[in-house]
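Look for subunit A in each of the two complexes below; its partner is subunit B in the first and subunit C in the second.
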Partner chain A sequence: MAAGATYEPIATATATGSQSEILFTGISQAYTDLVIVVQATESGADGLIMGVGNGSIDTGTNYSFTVLRGNGSAASSYRVPNYDAAQIGMVNSTINSIIVHLQNYSNTTTYKTMLTRGNNTNWSNNQVYSSVNLWRSTSAINQINFKNGSIANHTAGSTFTLYGIAAA
Partner chain B sequence: MPILGVIASAITGNLVTTAYQSIATVTVGSGGQSDITFTSIPATYKHLQIRGIARTGGANERINLTFNSDTASNYSMHRLVGNGSADSASAQSSQSALWISSGYDGVSNTANTFTAYVLDVLDYTSTSKTKTLRALDGLDKNGSGGIEFSSGGWFKTPEAITTISMSIQGGATFAQYTHFALYGVKG
Partner chain C sequence: MANTYTLIEAKTLGSTTASITFSSIPQTYTDLKIVMSVRSDNTNPSNTVDITFNGNTSSFTNIYLIGTGSSTASGSNFGRYAGAQNSANETANTFSNSEIYIPNYTGSNNKSYSADGVYENNATAAGQGLVAGLWSNTAAITSIGITGYAGNFLATSTFYLYGISNS
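Right after this comes the complex of A and B.
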């Protein structure tokens, strides 16, 4: 069996408070999976959406997602097909912690599936949130952006960090 | 203007990471594969993680996962599932394998579309603790699918895990481009 150290930081961004978009471009294709850690607050309450693409962010309705969430007294699930971005969490001015697993992002043979889990301590229906997202493209991903569904700004100090995991 | 991410190589400080290591990978070829097995897993780590994507050319079904080729009734599990319209929770005991992605469609049988998995096996070398597996997995097919959190126990007399096997319930094969990678986490 081969073995090698991996799970390496690729890039990080810290919001200044005046931008609505965090954009990573030129993402290395040297890894198998990406893990994205988001620690963010937002000036508006909405979904935190993540676009992906190759050379540019795909804004077509090529995404879909299924959500499982809990609020402390009940769980629920819903689905959104044919959306224009992945939805990785529900965010507002309270701190939101989200981890995204973007599996096999650099291959050119499969649609891309992403798993997310996160929490928001002050959103009535979304205190624990998880989702599975599909991007219906076989293109390798080398760009990712993060926006608030209401085009609100990411609050100053919000961080978005990409890690790469390479398989042996 | 968007904020551009800072490439890690431009960051000063210690970015060396050696605690998470790739051990082995299986990628299924064009002929398909009936099972995916990691053998001779080294005992030099504290925890294991399996990351992967899976598709089948057969019927939608769950993955059955066993440790050390044990197929006796030593496995129990609990799960929480969202299927896009409702949530549910369920459990089994005294099974011959751990059930993974059993609460929704399971392994995808839709062209190009793969179920994603992140599985954690904690303290896998212990000879005094019952082993547990934690799973996060999901499948979205633009109109169907689901997401699942599950945990399972292997209640055989505790022994170090050296082999992990996965197969599809009912005997279907894993389709081309199914990919599972085993990682070790240092303790």
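Right after this comes the complex of A and C.
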């Protein structure tokens, strides 16, 4: 099967009201990597978490992540093992921009790695944010969701776009 | 095939140049991405590249995170940081590399951008910088200017502007 075109938009979701979850299902397996671009505002301040899975979102403690961030006065790093989702950024009610690179998402032999880069200049607990996340599963990923860690909501107009990157 | 990740304009400098501008940017994409490789004729240590939107130099804020190989730091200010710039007194033929991502550049919200830059020269003065930037202006971005913090960009410095569409 020929791979899909490279850097091709797969799906876009825009929150039309206050939504607790954005969910992508049936993600094409024709690409090599995925890139996700998020520009969201949230009703509460917390981490923006991303769940992945095959057929359903894995909510088990099968994720781990390491964060490097700067808050405008200090640089810091921390690590969280055995979490129930990937943490891709810190978000609040102002503009939050996040880019996620999800490598080799459709293979069935390796655990999955996600690199994230987040932005927010309007919150002392937000910042320049960079993280690496691991999902400890060899399953291909065909579902992805986004939630606020405080069970707050994505506000209207928040956008989540999924792009497919083909190596050939 | 969807019309996404499209090269809008490429600039390769043929001579020393103080600044470059991408003007009349199409309003038909969702996001913009700039990829650049630059070196300055200034002899001060490596520094930053600054950005302007629509010719505007005000209403910018940023938070930055830098690592030099031996230390890390974070700060915030009202600068227009958008990447790194190798200087003239560093290892010959080394150019800094930077990427700037600007989501939703035609929208009516204030404009956020991220910039990641490196200045690596196989010497002690090397490092990486990450920037969270905000232009507190609701206008659609129609032009982007890029200027070195000090000095001019040397010939062969390159600047690429891409448009990314989500449909």
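Here is the rule we use: the second predicted complex is superposed on the first by the 162 of 168 C-alpha atoms of A that agree within 3 Å, B and C clash if a C-alpha of one lies under 4 Å from a C-alpha of the other, contacts with A are read in each partner's own complex, and residues count from 1 in each chain.
Just so it is clear, a contact is a pair of C-beta atoms (placed from the backbone, for glycine too) under 8 Å apart; a residue touches a chain by one contact, two chains touch by 3 or more.
Computed from a predicted structure; not experimentally measured.
Check subunit A with both subunit B and subunit C modelled on it and let me know: fit or clash.
On the superposed model, which is not a single observed complex, subunit B and subunit C clash.
A:22 contacts which: subunit B (first), subunit C (second), both, neither?
So A:22 only meets subunit B here.
If we overlay the two complexes on their shared chain A, which of subunit B and subunit C does A:130 touch? Say first, second, both or neither.
Both partners.
Output check: A:95 vs subunit B and subunit C. Expected answer is one of first, second, both, neither. What do you get?
second
So, does A:68 touch the first partner subunit B, the second partner subunit C, both, or neither?
both
Which holds for A:168: it touches subunit B only (first), subunit C only (second), both, or neither?
first
Thinking of the overlay built on chain A, is A:33 touched by subunit B (first), by subunit C (second), by both, or by neither?
Once the two structures are laid over each other on A, A:33 reaches subunit B alone.
Once the structures are superposed on A, label A:122 by its partner contacts, choosing first (subunit B), second (subunit C), both or neither.
After superposition on chain A, A:122 lies in contact with subunit C alone.
By the touch definition at the top of the document, which applies to A:78: first (subunit B), second (subunit C), both, or neither?
First partner only.
Mind working out whether A:111 is in touch with subunit B, subunit C, both or neither, as first, second, both or neither?
The first partner, subunit B, only.
Could you let me know whether more residues of subunit A are touched by subunit B or by subunit C?
Counting contacted residues of subunit A, the larger count belongs to B.
If the two structures are placed on top of each other, which part of subunit B overlaps subunit C: 43-51, 97-105, 151-159 or 169-177?
151-159
Following superposition on chain A, which residues of subunit A contact subunit B and also contact subunit C?
In subunit A, residues 5-9, 12, 68-70, 75, 117, 130 are touched by subunit B and also by subunit C.
Which residues of subunit A touch subunit C once you look at their complex with the stated criterion?
Touching subunit C: residues 5-9, 12, 37, 39, 68-75, 95-97, 99, 117-122, 127-130, 159, 161, 163 of subunit A.
Going by the contact rule set out above, which residues of subunit A touch subunit B in the complex?
Answer in residue numbers: 1-16, 19-26, 32-33, 64-70, 75-79, 81-82, 101, 103-104, 107, 109-111, 113-115, 117, 130-134, 136, 138, 145, 154, 160, 162, 165-168.
Which bits of subunit B are touching subunit A when the two form their complex?
1-8, 11, 15, 17-25, 40, 42, 51-53, 55, 80-87, 112-116, 118, 136-147, 149, 177, 179, 181, 183-184
Using the touch definition up top, name the residues of subunit C that touch subunit A in the complex.
Residue positions touching the partner: 1-2, 4-5, 30-31, 61-67, 72-76, 101, 103-104, 109-110, 112-114, 116, 130-134, 164-167.
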